[in-house]
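To start, the structure under review is shown below, and the notes come after it.
Chain lettering (A, B, C and D) follows the sequence in which the chains are written, and residue indices restart at 1 in each chain.
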Amino acid sequence: MSVFLARRFLTFLITISGASVIIFLLLEVLPGDPALTMLGVDAPDSAVAAIRLELGLDRPAAVRYVAWIAGLFQGEMGLSYVYKVPVTELIGQRLQVTLPLAIGSMAVATLTALSLGIFAATNHNRIGDYGVMGFSQLGLAIPDFWFGILLIILFAVILHWLPSGGFPGWDEGLWRGVKSLMLPVFTLSLSLTAVMTRVTRSAVLEVAREDFVRTARAKGLSRRAALWRHVLRNALVPVLTIGGVLVATVLTGTLVIENVFALPGVGKLIFDAISNRDLMVVKNVVLLFAAIVVVVNFMVDILYAMVDPRIRIQT
Amino acid sequence: MALLSVSDLTVELQTSRGMAPAVRGVTFDLEKGGTLGVVGESGCGKSVTALAIMGLLPDGARTTGRIELDGADLLALDEEARCRIRGNRIAMIFQEPMTSLNPVHRIGRQIAEPLRLHRGLRGANARDEVLRLLERVGLPDPARRIDAYPHQMSGGQRQRVMIAMALSCAPDILLADEPTTALDVTIQGQILDLINELVDDTGMGLILISHDLGVIGETTENVAVMYGGTVVEHGATDRLFANFAHPYSQGLFAAIPQVGAARTGPLRTIPGTVPELADLPSACSFADRCARATEICWRQAPRMERIGPDQRTACHHHGETAA
Amino acid sequence: MNGPVLNAPEDSEAVLRVEGLQRHFTLPRESLFRAPETVYALNGVDLSIRRGRSLGVVGESGCGKSTLARLCMALDTPTAGRVEILGQDLARLPAREMRRARAQFQMVFQDPYGSLDPRHTVRRIVGETMDALVPGNGNSNGKSGRSIEREEAVGLAIDAVGLRANDLDKYPHEFSGGQRQRIAIARALVTRPSLIVADEPVSALDVSVQAQVLNLMQELQQDFGVTYMLISHDLGVVDYVCDEVAVMYLGRIVERASRRQLFAKPAHPYTQALFDAVPRIGAGRRRRTTLPGNVGSQTRQAAGCAFADRCPKAQSRCTGEAPELRKIDNGHMASCHFA
Amino acid sequence: MTETVSNSDRGSGQGTGRGTASLGFLGRALGHRSFMIGLLLTGAMIISALVSLVWTPHSPTEIVIAERLKLPSASHWFGTDQFGRDILSMIMAGAQTSIVVGLIAVSLGAVLGVSLGLWAAARRGWTEDVIMRLSDLNLAFPVILIAILLTAGWGPGIINAILALGIYNISVFARQVRGAGIAMWEREFVLAARAAGKGNLAITIEHVLPNIISIIVVQATISFAIAILAEAALSYLGVGSQPPNPSWGRMLSESQSYIFLAPIIAVWPGLAIVLSVLGLNLIGDGLRDLVDPRLARRR
């Protein structure tokens, strides 16, 4: 167990440091002068010189990188060039929208997908199975932003039940906040549900074919009991894997969905930052997202070892 | 009355080419405390017969005939009633002790499962019973092993765990499907001895399925030789092994290189290959590989005939000597 | 030093000679705080096979017989010791010559379903061995490499194993298990090797088919004078095919003798137990003198005899002092203090 | 839920493949309904892209203010957008963008990813470790994140979208091919090839690659579908295809401003995306069933 975790932790460290290097290279070194990137090539020399001084861009790249990382360890991400406020503060505000959106859709998707997947597997090659598979095939093909637009047309434009977008802030009452997040959460969970349903279904079908399930039935367990006691835990491993992969999908999904519903989340922040060429915001937000993906996958690895005792001795 | 009586059992399985008969008209009895060996090559229907007795055939399989346990037809029972019999009155062990145990559960829990299900044992009571069982099947250091996972054990130890599991509710019948095929010879000896001993001690009936004539010959009193989904020869083991009557059993017997036998020329072989379910000849399933086959063998399926005390065979030409 | 000698005078004719062969594998670490474990798969094996003879290697799983086969086929590198084929030390051959030398030793594998590439025709499968050996024929698509000699050799090999010429353009899935094993034998035969190493060649086959393949192997030995090393767990098969037998336990040869001597008078307690464990047809219901316990751990090296913990004859001497493989009769060797 | 027959009846299981194989790939494909539907949908997408190269009902770029936001009619089957452009023509031309982006991105990912995956599988050891760690790193950056980075560094453009997708696909293919490749290297026929004196490269080309090509083709089809979705999303966000290049994603983003006035114009491009992606996914799933029934179970 300890070697497994140690190796995973090492991988995790390597990945996260690699990610920060890549972000830094792509934003501040490869395109050339960051000051020009931020101001545009037509900017007057004096402005360029000013911003160089302000952001310390006259220092060598390696020094700037170390300063950035050292700052991160102290919880400092620097000042937003456009808003002139600490980037940590900006991100903190925006996460109040993004986190509920991401976690909410993941939760909705997991619950729906597990039920649908198990239902389809237990009705293999019957009408219920075909229905679920058809739904998930459609869910995979529908772009989530278009699905969002369709929901807006239906619930906001035609029915007037829910707001077409925007977010009032949690200060305006829990219900109003939840109401404005309902369509986004539903939108984002569609494709996640579709993918997870497929994986759950096939994992359950696969495990159900294993010899030990036959053993369980030979002991006198009913199909249902064999499913709950023997199949599901073994089927969890592939479902966990896809869950880890989907975290990346959820995060990038929030970027898109926040734009569809005009939600003031991190996704909106980053696209505004791109148009404003606010490098400070872009690099820190991208690193934050990459870090979340890596951390979640590290946690998935630990979960594996908890679910499947065999993994503890493999590496 | 026999403990288990199988009569005219026919099983059809779903294949990519439609329904194919895997077992055709199999009939045999097992007395209380009796031992029956079922021997045959791959695809002969021996495992399908066992699964039919357990009621664990794949989806879409069609079963006809009768399987009577103490006079009650199992095929007439509903699924719930069959669940009460499985693991309780009829238990089964399988070929691959590695894949037949759930990798994510400790073995103690897996052995306790039938105890909880059929006897309502829980907690410390169940654990004590599991420890007793592990000791009974000769697993060294049961107090420590009870909390092990299957992957932490050797093949022989895992098969002992399977046997403990099958034994837990003191079944009337033990079905063992190639229980030693995946094991080494010396371990195979240990397991066969264990099964023999348990049969003698508990008085349960044993159906041992194997492709190995030697294993069957040493373990069971009666033997049924299967080919192409049917029993071609059946009788007391000693008598059969002394004098096989069916050309298939004769060929099988002659094809095995035996340890210490004087080497006299090449081994006798059966021409052709083991057939697939869907390709079986419709009358005598052995006709296309049989040296004695005549026109009648292609036209009419031979019936089981008594050819001596404790020996029956299904061959139109059983009286004739081989060409 | 216990010599590799079986019959000293003819030893110069050895097709295969193995001396002091060892192979140890390091396992991945299980704990940060313990050294990684070592698997002692082979612990000093000596043997030789004379031309045209066949040696059976018998033992249970974990005895190192498959590792031995791979080392003899130069598919793996030994930790210590050497393998000589026709007097050439395999470890000293440069890569180019090694490829050519492979014509002299070929292998037949256990699994007739896994050992043939499902995407290749029989022609290509059997011809593959020629590909690598004949320079200029090493084309990857197998079509342009269809020289006349190659075609001829493939045709002969296919004929020798009892398949027909129109089988050449079929794919493996069109054949049954026994026929596939014939294809595998044809592939080994096509370069007219001196030595064929067969690793459990019939254990995946049905009994009635197994006999066909064993007979074929016998015939080929008579017709082509090929030398066999046959790895098997089945004593009956070894008894039928081989002239000499080596019994292995935990990476060592514990007994070596001619077939007749071994089966008439097994000397090592392990060999005796192995014989006793084999189910006999017609023996009736019986109890064996079964060995207790499992095959010992490959990750520990015993100071004394590796078999001591399971041996009915073991005494205190056995746990302290490892027995040498010594001559107990003409052409019969065993490594037991009491043999 | 099914139980399988015991392994000892090996022969019966082995034989089932033979009957279906004799039917031939084409015959089985024609009988596979969802595969044929997929083929039809994808065919329609490709044909409309090809036709749009030489002919569209109207110009997809011509602005006719008088005709703006018209409902579907005989002259404009799908209606017109806020600039009076013909939506059907824009959708036909938009298919070009989707196909070009998908093709380039998937080829880039497949060529590099397959090579790296094969290399990792053949060499194992530290080579594999390095490749797999790189691929871990790659997977920490989902497509949209890569596109954002590229856009922030170099400004928006379709090249960024293609690059982002291509880079992402490298690790997708590398992982899949490595896994399947390692399984092949453990097969006995590879050992047999080594015994015949074949080197790593020859074995990879002759034995490993042909046996996993079906997996690669299936992955390519699915990746193509994902690429179409991702290109649409990137263009919708403004970091993909730029005007005046027609693009389904951008059509949707523009339509959103007129959602209260003319909701119908938000429907057509979305439908086009759904049908194209559905078609490719159905082909991918169908291929998986058709080339190797054993693979079908894996998903």
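Convention: a residue touches a chain if its C-beta (ideal position, glycine included) is under 8 Å from a C-beta of that chain, and two chains touch if they have at least 3 such contacts.
Keep in mind that this is a model prediction, so the values were computed, not measured.
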item	value
Interface with the most contact pairs, given as the two chains involved	A-D
Chain nearest the global centroid, as defined over all protein CA atoms shown	D
Separation of mean Cα positions, subunit D and subunit A [Å, integer]	21
Distance between the centres, which are taken as Cα means, of subunit D and subunit B, whole angstrom	50
Gap in Å, rounded to a whole number, between the CA centres of subunit B and subunit A	53
Residues of subunit D engaged with two or more neighbouring chains	1-4, 11, 17-18
Numbers and ranges of subunit B residues touching at least 2 other chains	41-42, 56, 94, 96, 211, 274
Sites on subunit C at which at least two other chains make contact	177, 206
Contacting residues of subunit A [partner subunit D, same complex]	11, 14-16, 18-19, 22-23, 26-27, 30-31, 37, 121-122, 124, 137-138, 140-146, 149-150, 152-153, 157, 164, 198-199, 202, 204-206, 208-209, 211, 213-214, 217, 223, 227, 231, 245, 248-249, 251-252, 255-256, 259-260, 270-271, 273-274, 277, 279, 282, 286, 289-290, 293-294, 297
Subunit C residues within the subunit D interface of the complex	73, 75, 98-100, 102, 106-107, 109-111, 113-120, 128-129, 131-133, 138, 140, 142, 173-174, 177, 184, 187, 206
List of subunit D residues in touch with subunit C within their complex	11, 14, 17-18, 21, 187-189, 191-198, 202, 205-207, 210-211
Touching residues (chain side subunit A, partner subunit B) in the complex	210-212, 214-222, 229-230, 233-234, 307-310, 313
Interface residues, subunit C side, partner subunit B - complex	60-61, 176-179, 206-212, 214-215, 218-219, 233-237, 239-241, 263-264, 273-288, 290-291, 293-295
